[in-house]
Structures are given as structure tokens and as C-alpha cells.
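First chain A sits with chain B, and in the next complex the same chain sits with chain C.
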Partner chain A sequence: MTTMAATLRAPLWRRLVGFNLLTAIVLGVGGWYAGWFGARAIVGPSLDYFADVDYNELSVFLAYLGGVVGFLAGLGFLNYPLARLRGYPPSLREKETEGIGRYFSLCTDHKVVGIQYLWGIGLFFFIGGLNAMLIRFELLRPNHQAFPAGTYLTLVGLHGTMMMGMMTSGILGPFGNYLVPIMIGARRMAFPRIEALTFWLLMAAGAILETTIFFGGFPTGWTGYVPLANEANPGMDNYILFFALVGISMTLLGLNMIATIVTMRAPGLTWTRLPIFVWGVLSTSTLMVLAAPVLVATLSMEALDRTAQTSFFVAGAGGSNYLYENLFWVFGHPEVYILALPGFAIVLELLPVFARKPLWGYRLAVAGLLGVTLLSWLVWQHHLFVSGINGDLRPFYMLSTELISIPTGFTFVCGMMTLWRGRIRYSVPMLFCLAWFFNFLLGGLSGVFLSDVPSDVTTHGSFFSMAHFHYTIMGGLVFAFFAAIYYWVPKMTGFQLNERLGKIHFWTMFLFFNSTFMPLFAAGFLGQPRRVVTYPQGLQFLNDWVSVSAFCLGASLLLFLFNLVYSLAFAKVPAEANPWRSKSIEFQLPSPVPVHNFDRIPVFSSDPYGYGEAPAPVVAPAGAPAGRS
Partner chain B sequence: MRSVTGKLALAVAGVVAAGVLIGFYVSKLTTQAGSPTYTVPVKTGGAHPVVDLTIQTVAAVGPALSPNPDWVSFLVRDASGKWRRETVWRLPAHATVHVTIYNFDGASGLRNPFLARPQGVDGNRIVVDGKPLAVLPPDEASHTFAVPQLGLIVPVAPVPDDARNQCGYAPCSLSMAHRTETFTFHTGKPGHYRWQCFVPCAAGWITGFGGPMQTIGYMDGFLDVV
Partner chain C sequence: MSSAPLAQESTDYAVVEGEPPELLGRNLVAAAHLLASATAFFFLSFVFAYFYLRSLASGAMWKPRGVDASIAWGTVVTACVAVSAILVQRGLADHRAGRRPEWRRKGLAALLLGAAALVLQAIAWTQQSFGPSDGGFASVYFGWTAFLFLFVLGTMVWLEMVLATSYRYRGFAAGTTEVAPGEASGDPYRSGADIRDPVSLIRAELEALSFYWAFLAGIVVLTWIVLYLL
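Up next, the complex of A and B:
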């Protein structure tokens, strides 16, 4: 089969022509210019303010919208809707079974999309990390040295927005798409084309955000607060388009996950047998579907304020900047848990494997995930304690914020009890899981100071809060992300990652992560504010320590990248089908997983955490009826 | 199956490409929206040097000096008499700075009348077209030159709306309608002091604080006191 495919393979030039990334980039650039000149030619003469500023918002918006449409058309996303309009019957696009080209085009294989996400998000994660390095370089000295003050703000905004936007899909994108259908015994996602669309929208969004530097950047950080956003350069439009596209992608991703999990579970997979990772995906998806549309709507209103002279958020013209702040955080705080919950789920999924014990308190763990999902809607105004909101609101939001530590604590209890008297194997994924507990504990404890109004008044907007959320998001999500990479990438690629390099990566990352962010609690207490390019001379030692640690942290991540390239492209040590002796269904399949996942649809008879118990068949023996998925 | 040499070549090419892209990105960031430092020549040296700083304010900076020709801007005159759009100025510490502002822009008005009274300058007086003034009518102020960390606030007098021969695009010649304003201040100890205009004078933005008002190289900058 492979030989025949190889002999029938078209020459390179022929393979480059068609609906793929190359065509998408060409049409994307063309669409961009069409939008830019279209706005100037058609709309420009009718609007006075076009003459007042050289850059103008409408041109930027229409250019990028044109670019996105061209990009998606180049990938072939319009083909199917157009075919349906022409009367063709509904169909599923055939999956491409081999070749690197499928990773650079619209592919409906959920495993390909998962790997696309892994590399795509990884790319933007490293760009966000580069921006962090530049920020720390600038802060080596108390006074400005490399970047103008406005550019420093843009760097901070680019780092924060990229990380917060891209990493929302950091787990669900690669691992959710790849693993959820397999874990529930399905052969595909409910909406394969939408699944692919969510990935390519995210890639377009990332490019839009980075090109803000050609339009003066944006000064608002990742929150995009008005009235500053109303006054900002056209680079602000890139922020709006980025986050709006991310919001659309998140909404579709969440809907697809929910539909898949609810409707496509294999026989026997009851809710109480669902892997805890799938529960984490389900709760995160629920937050995405409910929160992300608020973001898209908010940014649409802001876009109208900047282009069509509406005044939703212009206080002087009947609008309210508080409206923006509230709407943003109605999205923004669930967003924090969209980042955190997949980390909870991964840690709880991996602990039983490496402790060789069943997951302790499965139902309690699920209750923890659902409790956080529910309570995350009731806390958003703790971000606005010092904004001048009605003081009577403060006690409620203070208490609701502190209440969320209870379901979060469920995760800790289940994790600790699973480890209790376990036969723990300190493999790389397990090390990252254990570090997650340490980091997230510090993040949670420091969060108490920010949820309490009296202490928040002094710590809000300082490096203390910055250190806090890096402990929860980088210490939580990113450590879990790496645990997942070391755990599942052998399954996804068929090649084992180098264990020794992995351990060096872990220890250097853990050490320098803490060395970077722990001193920032002190810097915050000493009064260093976020998003300010200068600081008092007396804080230079702390800042230099942090900067050097951050550079070492960056080097640790480069070591990971080296490990990835070395293991997958050079060493190529074949991965066993079940290197971790896991009972989860994905590890009962060959590595990498075959195109159609299962020859026969499995029938589940237990959850996947029966370590130390009599073996129970997870997959039905051959001969069971294969349903169509 | 690609050979190890081929893979290594690909990996090296990838690293080189990433390096080039990162280099381009960083160089773009170090220059974008920025302003190179202009070192103001010292007129008289010693422990208490004296410098002359000559600047102009224009309603539109023009295509010759900026990719944003319609943006309001400050310009500085160098030793050869050429006007430069650079707003980071290096000055000696503990210096006496004699400032001359040629303003070619009309009145915008102050939102905060407090800024109408010159402060932090010798005698708390400015001299407008040869006439000393302790306060400017708030509605008439065209711009301000303010360095909050030095306690310096100077309102800038406007060109009347009906003046003849008004300047369209910078650099504007002194034969065109303008106001001449002089004052003296002292730099004090070394530091990096932000200066800016506090009049929301950015046309095209909702409340006038966008674009040039928040971009180094136009209506704000730094005094790099060394």
C-alpha cells in the first residue's frame, strides 16, 4: 500500500498547488490588500476622520478580515459549503492517511488536527516566551535601555495576550482533539471540519496579533481596557481581531467537544466511567462555550466604537467604560479556569498511572471540576476591587472567590490520596505532575491575598499579582502541558522522547521557574507596579536576579525543543504501545494510533483506573459489533 | 528516508531562519514608535553647564519627517539648524537650560486650568513674544511642555486662528505665523525624566489622547539627564 502510494505520488510542484497552507498564505495576503484598498476607496471618502489620521481603523479591520477570508479559502474551507450550495450531497472529506502535506492543509482526522495544534500552539508559545525574554532584558536596569516606553507596553501586551489567548486551547487543542474521540471509543469528532477550522482560525489570529508591531503596537496589556483602548494606535485593532478570532475558535472548539462527548461515547462508557481527563475537557468546554461569546461580543462593540463611532464604552458620549471592564472579566475570569481546569484533569489522569493506584475519590474529583466550573462565574469583580465599583459588592465577590478554593481543594485531596502509599514511579510526566501541586499551591495561597479586599488594595496591579497568576497559569497549566507532552507524544508520534534530557528539562524548568517568579512576590510587596518600564534603583538586584533566572528558564525550554527535535527526527526510538503500563484505552492501541482508531468500536466495562485490581477488560474482545461512529 | 546529514542541514537551516526572523522582530521593536536620542550641545561647561534647547511645535509633522504626516508633533533644532523629529534629549545634570519654543499651532484649550500657570521655571514666568507672563488664559493654550518629575509645567501660547501665512506641514520656517516663547529651567540630578504635552491635541481620536499623544517622537519623550 505504502509502495503504491509512493509510486503514485505527484511531483513536489504539483503537491504545492491546491488547497494548502501555501495557497492560504498567498490568498491571505491578497485578501489583506483587497480589504485595505477597498476600505480606502469605498468607505474612506465618506468619512471625515479618514483624512485626520494616516492609519485608520476601517482599513486595518477590513484588511485583516479580507486576509482571514482569503486564508481560509486557500485552505479549502469554502469548498464544502459551496458544493452544498450547488446541490452536492453531504459527505465527510476523505482522510489523508500519510504524508507531511496533511499537516499543512484542511484535514478532518482528529489526530492530525491534534498534532497541528501541538506544533502551532507550540510555535506561538515560544514567540510569547521570546517576548517575555525581551521584557526581562529591558528590566535589567531601572531606567529604559533597549525599548521605548510605548514599545515596552506593546511587548508586555503581546506576551500576555498571546499566552492567554493561545494557551486557552493549549490542552484542548492538541490533547483534547487527539485523545477525546479515542478515550470515548469514537472514530472522529462530531464536527470534523469545524475541528479543523478552530485550529486554522487560531493560526490566523496569532499572525494578526504579532503584526501589530507594524501599526504602532497597543498599550493596554492583555485586558484591552477602555478608554485607553479607544485612544490607542491602530495596533489596537490587531488585539481586537486576535481575541475575537480566538473567542470564535474557543466557542467552536468547546461546542465540538461537548457534542462529541455527549453523543459519541461507545457502549458501556457511562458518565461514571468517563476518564477524568474527558471530564476536564467537558467542564472546560462548557466554560468556553459560555464565556467566549461574551468576549467576541465585547470586542465587536469595541471595534464599532473605534470604527463606526458608536459609544458603547465611551463615557463622555453615554457609554460606560465600566461596562467594558465587567464584560471583559465576565469572560476573563472563567478564562482563567479555562486555563486551569485542563491542568487539574491531566494531573488527575496521570497520577494513578504513576502511583499504580486507582484514582482516589473519582466522584469527588468530578465534583471539584464541576464546582470550579460553576463558581468561576461568580468571582469576576475581584479584578475590579480598586476600580471604584460599589463598595457593597466587595464582600460578596471576596467570599465567592475564597469559596472557589473548596472545589479546587477537592483536586488536591484526590491527588494526595491517590499518591498515598502508592508505588510511585518518578518518570518525567510524573515529575511535572508533582511540580504542579507545589506551584499551584503557592499560586493558590498567594491568591488569597488578592481575593481579600484589604490586601488586594495594596497588592493589586503590582508584581505580586503578576507572580500569583504566573504561579497558577505557568506553574499550573504549562507544567501540566509538559506532563501531557511527555506522556502522550510517544503515543501520538510513535517515538519515545529522551528520558534523560526530559529530566534535565524538568529540573531546570522547575528550579528556574521558581527562581524567576518567587522574588517577584517580594518586588510586588516593595511596590513595583506591573506594565511600567522603569523602577526604583533599590529594586535592581531583585530584578536582575529575576531576569537572569528567566533567561535560564528560557534556556530550559530550548532544551525541551532540542529534545523534541532530537528524539523525533534523529534518535527515532520507536515507542512501545504502552510505555507507561496505563490502563487507559489509548494505550491499548498501537503507536501511533491507526487512522480509524479502532477496527471495532469498543465496549467499556469499567473506568480506566483499576490499578492493583483484578484486570477488567476495557475493550471488548474481537467479535463485538462495530457501530458506525 | 532522509539522511542524517539532510536532517542536520534542515535543522541548521531552521535555526538560521528562526534567528533571522527573531533578529528582524527585535530590530523592528527597538525602532518602532521610538525616537533616537538627541544630545543637546553644551554651550558653557563646568560644574553648572548651560545649554540652549530650541524646539518647535507643529500641527502636522508632514510627510518629509514622518510616516504619519497629519500627526501633531514637537521638533528639536540641532547645532546645524536642521529640525529633527526626535524627542529624547540628552542633557547634562545640574545644568541651566534656556528653552526657546516656536509654536506654529492654534489654540486647543486646557482641560485642567492648573496647567495654565508656568511652574518649575526661573521666576515662574515665561516670556511670550518678548512679554513676561505668569499665567496664560486656559482656553488659549496650544500645548504644554511638562516634566512632572522635575515639577516643570509650561503652557504654550497659540497662533491666532486668523493669522496670515500659517504653516501647513513641518518643518515650518520662522517667516510663517508663529509665537516665540522662552523660559529657563534646571535639570538637577541625573535621571530619566518623561516629558509630555498635557493638552489632548491628537486630532482623529475620540478624546484626543491617541496616536501622537502616546507615541515617543511626537508629543512626548524623555529628558535623559546624565
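Up next, the complex of A and C:
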């Protein structure tokens, strides 16, 4: 059915101007203006846009939609569908052998897409982190304002929205795309072009969100609640477009992952032999495919309210703001587990390697992941306990929320039992995994206060809830993210990261993370609300402590960045093919992995956690199939 | 061990074993089912909005006087979509039985009916006695049908692609034709490895498409029941 054909080498002019990031930016800007003037033709002139308050929502929407279409056309995403419309046959691969240019264009090699994701998401993660630093700078003083209140709210919104939007793909984007095909013994994702599309959509979305500052920002934080959103500046349109594009990207990413895992597993790789990381990706993808469309639909309704004068969320005109809140959290709570589940999976995947023991309770761990996936649909109204919902609904959602701690506990039990009597190696990835246990435990325990109606009434909307979700998301996901980086980047790039710098990064990040967020529980209990630029004088010491700790936390992340650039660009110490003596299949391949992964599709005969049972397999020669049979 | 930067960029394709021939078809069918799941959750949001706003009837603005969607337009649009989906199903049966010309004729008719449904829906919007700002029902009506319009449009584009490939390779049987490098994208500089036997993929793509189109037609029927009959 498929064949590997030789690639014609394009001439230099073609490589410079033909379908790459440069042409994408040029056509993206052109598309933006085309959309802008198109809207002007439809609804009348608005050339004084930047000076006049008479903003035109349709102009903003059509301009950005035009920009996205132009951007994708510039990357070459329209070539294939246009060819198909003319009857040319389907194809699978593009630009897999074109040097460094692959990283700046539509490339269908899943490993290139994984690395694109790593740097792309890293860039926006860095910007989101800078916003956090500005927020903490503002909160150094209780009343003195470095930024106007509206700007402060936009900073809070930019930070939250960027982190919650981008980090949904924080693990599946780089590590899922790179590793899942290899781990299941395949050579590619099921739909390689869609895989590339999910990445570039995310980059377009990030640019749209950042340019909200040209349109007045948005005051709603990451949740985009109405009626505030309906009354907000056109910067709100950027929020809507950002999250809608993220939702589309998430849906396609999840769909591609599930199709790949279900249909492309190598012979012998039964469901009970699947690496636990792949189970985590599968659970997360299920949530993405089902929850993200609800987000897209909700934001579409909001976009119609702002442009076509519908009234989905306008209480006085037949709509309801509760409709928005319900629909948003139908997506929003599974979203929390879209962020958390990959963290669980990474920790469970790495623990056996560094404890030199088989994963304890494999089936229990899978049940935990699937249980969380299922229960995450039944808890969304705990976000609305204090919104005035029917009081009779509260007990059910309180109990269902507390019930979710049971499958979550499975993960903890499996992790702890894997560590029990293990020969633990305290390498950098393992340190991050161990920190995950501590952080996520605090995040989970503080979550009980928020799921419990009486205590939620006190703590809702305060810094307590802010501290809680930073412990779960930053303490859970981001620490696991760094564990994954230190563990897999040597395999992905062929270069080793500096271990000493890695350990300094870990310890500073762990200490200053806790020093930043633990006092916020106290600030919340003492009544400091989220998203408010001023606070009582008596809370200044706590806030100053938190701000200084946050700056140190930021510095520790800069240290990581230094390590990454230093190790990959200057030190360039070649990584061993299997530096951790892992039994997982990706470490049986050369570093970096060949374009086609395997010469012959491998045959699996066991799961990858047989530590203590036989010596680690010998590294296979370049291009050879993995040998685990 | 290698010190090459980032992912390797060259390979010896001559030694690489091909994929199982049925893999691409399985991928497409799996994707069609997943896409249907995502589509269902997208439109469930509108179903939820309909019943939520209807039960609240906030400010007596759910369905003010004069707001009533024309059942005639809705019925015609729904009928076009339903018949189109049935024709694709019948076309698939023809393709399975080796009656390729019959499949192409039915596929073309299905495409025309789908396009007619889109045109009729666009006309229907202009013929209603109310606009998007006339209360809760009007919002749901215009929002729901607008996005359904986009989904139907996307599916018709997909059908056109399958049909166009069928027509381009109408003289070939599966396994008898080969595609030159670059032909798949219509651009000789953009090929890495293409599928050489496009004819054998038409069936797989048609299986996936017919399932999804039937599913979407089911959503159109549900829309008709909720927006026009309830």
C-alpha cells in the first residue's frame, strides 16, 4: 500500500519562499488585513479603529480568521486538500528529509513535530511565566499600583489562559507525538498531516492571545465568564479565538492519538502490555476528543453573542449566564484532568526505571487512569457551589468530586508500592517524580476543602483555591513535564543535559515552588481574593514573601533554560542510547531515533517493566528493529 | 550513538519494510468514529442550550410572539441531507459489489443533494420571520443551524475528494496503478513517501465517509425534531 519514494531536492529559492514559517507569517499578515477590510466592506468603515472606542467585533474576528487561514496556507496546509479536490490521491509524508528547515514548516515526521511542540510550547510557557512575574511584582505593595487595575486583570488573564490553554498539550504535544508511535512499534502517527496541523494551530492561537493587548485586553481571567465577557473590550475576541483554536487543536490531537494507539500497535502489544505512559495518553485523548468540542461550541455561542447579536448568555434577552458557566465547566473540569493525567502517567512510567522494579499494580494503575477519566465528567458543578445554583444539587457534586480521590489514590498506591524496597537512583528525572508525590498530595488534600460545600463557601475565589490549583497543575503537571524533559530529551536530541545544573534546577524549583504557593493557602484563609489588585495592609508580609519566592522560582526556570541551551548548543555531549538502562523500546533505538524508527516492525512479548528479571537489552545498531521478543 | 543535531534526517528507504495494506483503511474508519463522537459532543452543547434556555424562559424571551421557525424549509433541508446520506450508503454497497460506475453516479447525486441542502438552508435563514437577536430560541436556532451548515459543508468537501479520486482513477483496478513521487500533492518538491495504490484506498475512505455522513444526517434529523417539531 505505501512506499518510501525518493525526495526531489528543491532549489534554493524554493526552499526560501516556499511554504515555510516565513511565507506563513507573510500570508498570515496579508490574511489578517484581508479579513479586516472584508469585515469593513460588510459592516461599514472603521479605519479609526485604534483611536476610536467604536470597536467592531466582526472586524476583529474576520481579521484573525483571515490571518489563521493565511498562516496555514503559507505553511502549505491548503496544498494537500486542494490537490485532493482535484482527484490527486492521498499521501502521508511531507518534508521529512529537509534539514533544519523541517522545524519551521509542515513536516509529517512525528519526531520533528514532537520537538516543534517542545520549543513552541516552551516559548509560550516562558511568556506565561513572565506574566506571573509581573503579577507578583504588582502585589509587592498592597495599594501602590505599578499597573492600572485593568492591565493587572489582563496580565492575570493572559497568564492563566496561556498556561491552561497551551499546557493542555504540554505533554501530549511534545512527548505524546514523539514517543507514542515508537512505544507502540509504529513508524508514524495515524494522520501525520493532522498531527502537524495541531501544532501550527496552537502557535497561531498563542500569537492571537498575545495580541489581545492591542485591543484593550480582557478582564475575565481564564474562565471568560459572562456577563463580564459580553461587556469587555475587543481583546475578549482574542481570548475567544485563542481558546476555540486550542479546542480544535486538542480535539484533533486526541483523535489522532486514539486512532494511532487503537489501530497501529505492533504485533504482540496487547492492551495489558501497553506502556503506562501510552495508557495515560489514551485516557487524556479521550477527554480531549469529548470535552474540547464543548469548549469550541461554548465559545462559538459567545462569539455569536458578540458579533451576530444572539443572546445565548444575555439574561435579559432570553439567555442565561448560567448556561455559559455550566457549559464552560463541562469542559473545564475534564480539562483539569487533561492536564493532570499525563503527569500521573509520566511518573508511573519513570518510577520502575529508577527504582529498578516492575511497576506495581499495572492493572490498578490503568483502572485509576480510566476511573479519573470517567468521573471527571460528573463533578463540574462544584465550580458553581457559590453561584446560586439549586442547593439540592450540591450534595451529589460534593460526593462525586470526593469520589474521584479513589482512582487518583490508585496512582499514588501504585507509585509508592513501586518505590517500596526499590534500588532507587536519585537522578534528576527521579527527583522531579518524587517531588510530584509531595506536591500533588498537597494539591489533592487542599482540593477536599474546595469540594466540600461548607468550606468551599469560605475559600471559593480566594488565594486558597489559587494555591490549590497551582499545587495540582504546576506541582503535578509541570514537575512531571520537567521529569519527562530530563528523561527523554537526551533520546530526542542525541545530547546529554548537564546533571549538576539539573539538580540545582530541581532543588531551587522545588523549594521556591513551595515557598511561593504554600503561603497562599494562608493568604486565602485570611480572605485575600483572586484577581484583585489591592489587599489589606496586614497581608503585605505574606505577599512580599510570595513575590520574592516567585522571583526565585522564575530564576530557577531560567537556570533550566540555560542548561538546555548550554547542553544542546555548546557542550554537545553525545547521549548514550540508553542512559537510564531503561527496558522501554524507545531506549533500544539509537539516539537520535532514525526517520523510519524501525526497519522492521517489532514483535512484543512482554510489558516494558521487567526490571530485576533479566539484564537490560543490548542497544540495537542504527536503524535496526528493537528487540524485545 | 550519533552526535547529529536533533532528529535524524536521512534514511535508507530501501531497507524499510512496508506497512500492512489494510492499515490506512483501519485508521480512516477509526477516525470517522472518533470524529462522530466529537461532533456529537459539539452539538450536545446546543441541545443543552435549547432545553436549558427553554426551561428558564428568562424574561419571557424564550420564544416571543412571531418567533417560529418555518417547518417547510426545515423539512426540505432535512430531506435533502437524509436522501444524500442514503445515496452514499447505496453507493458504498455498489462499490463493495464492484459496480463502480453506479457508485460514482450515486455519489454525484449525493453531492448535489448535499449542496442543495446548503443552498436551501442559506435561503431559509433569509425567509424566517425573526432574526438572531429575537430571544433564546432565535439564538439557538441560528447558532445551531449555522454550525450544522459548516459540518455539512465539510462533509461535502470530503465526499467531493473521494468522488474526484474515483473519477481520476476510474480506469484502474486496485493494485494496478502507481503514483509517481510528488503526484499525491501535485507538487514534485513535496513528496517524501506517497501511497502508490490510490484505487485501493477509495473503498476505505468511502466506508469512513459513509459512516460519518449517516451519523451527521442523524444529527440533522435530531435538529429538525428539536427546532421544528418540539
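Convention: the second predicted complex is superposed on the first by the 586 of 629 C-alpha atoms of A that agree within 3 Å, B and C clash if a C-alpha of one lies under 4 Å from a C-alpha of the other, contacts with A are read in each partner's own complex, and residues count from 1 in each chain.
The rule we apply is simple: a residue touches a chain if its C-beta (ideal position, glycine included) is under 8 Å from a C-beta of that chain, and two chains touch if they have at least 3 such contacts.
In this text the structure is predicted, and so the values were computed from the model without any measurement.
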For this session: With everything superposed onto chain A, say whether chain B and chain C fit together or clash.
Result: fit
For this session: Would you sort A:Ala146 into first (chain B), second (chain C), both or neither based on which partner it touches?
Result: first
Problem set entry | Superposition-derived angle with apex at the Cα centre of chain A and sides reaching chain B and chain C, degrees in steps of 10 | 100
For this session: In the overlay, answer first, second, both or neither for which of chain B and chain C A:Ala41 touches.
Result: neither
For this session: Using the touch definition from the top, say if A:Leu290 reaches chain B (first), chain C (second), both or neither.
Result: second
For this session: With the two complexes superposed on chain A, say which partner A:Leu130 touches: chain B (first), chain C (second), both, or neither.
Result: first
Exercise. Of chain B and chain C, which one touches more residues of chain A?
Worked result: C
Exercise. Which holds for A:Gly316: it touches chain B only (first), chain C only (second), both, or neither?
Worked result: both
Exercise. Looking at the superposed set of three chains, what is the minimum CA distance between chain B and chain C in Å?
Worked result: 10
Exercise. Of the residues on chain A, which ones does chain B touch that chain C also touches?
Worked result: 305, 316
For this session: Spell out the residues on chain B that touch chain A in their complex, using ranges where they run on.
Result: 4, 7, 11, 22, 25-26, 28-30, 32-35, 67-71, 191-192, 194, 202-207, 209-211, 213-216, 222
Problem set entry | chain C-touching residues of chain A, taken from the complex the two chains share | 1-8, 10, 14, 18-19, 76, 79-100, 102-103, 108-109, 111-112, 115, 187, 190-191, 251, 254-256, 258-260, 262-264, 289-294, 296-298, 300-301, 304-305, 308-312, 315-320, 322-323, 326-327, 330, 492-495, 572, 574-577, 590-596, 599-601, 622-623
For this session: Spell out the part of chain A that touches chain B in their complex, as residue ranges.
Result: 49, 51-55, 130, 134, 143-144, 146-151, 154-155, 213-214, 216-217, 219, 227, 230-233, 305, 314, 316, 534, 565, 569-570
Problem set entry | chain C - residues contacting chain A, complex | 1-13, 15-24, 26-27, 30-31, 34-35, 37-39, 41-46, 48-49, 52-53, 56-59, 61-62, 64, 131-133, 135-140, 142-143, 146-147, 157, 160-161, 164-165, 167-169, 179, 181-198, 200-201, 205
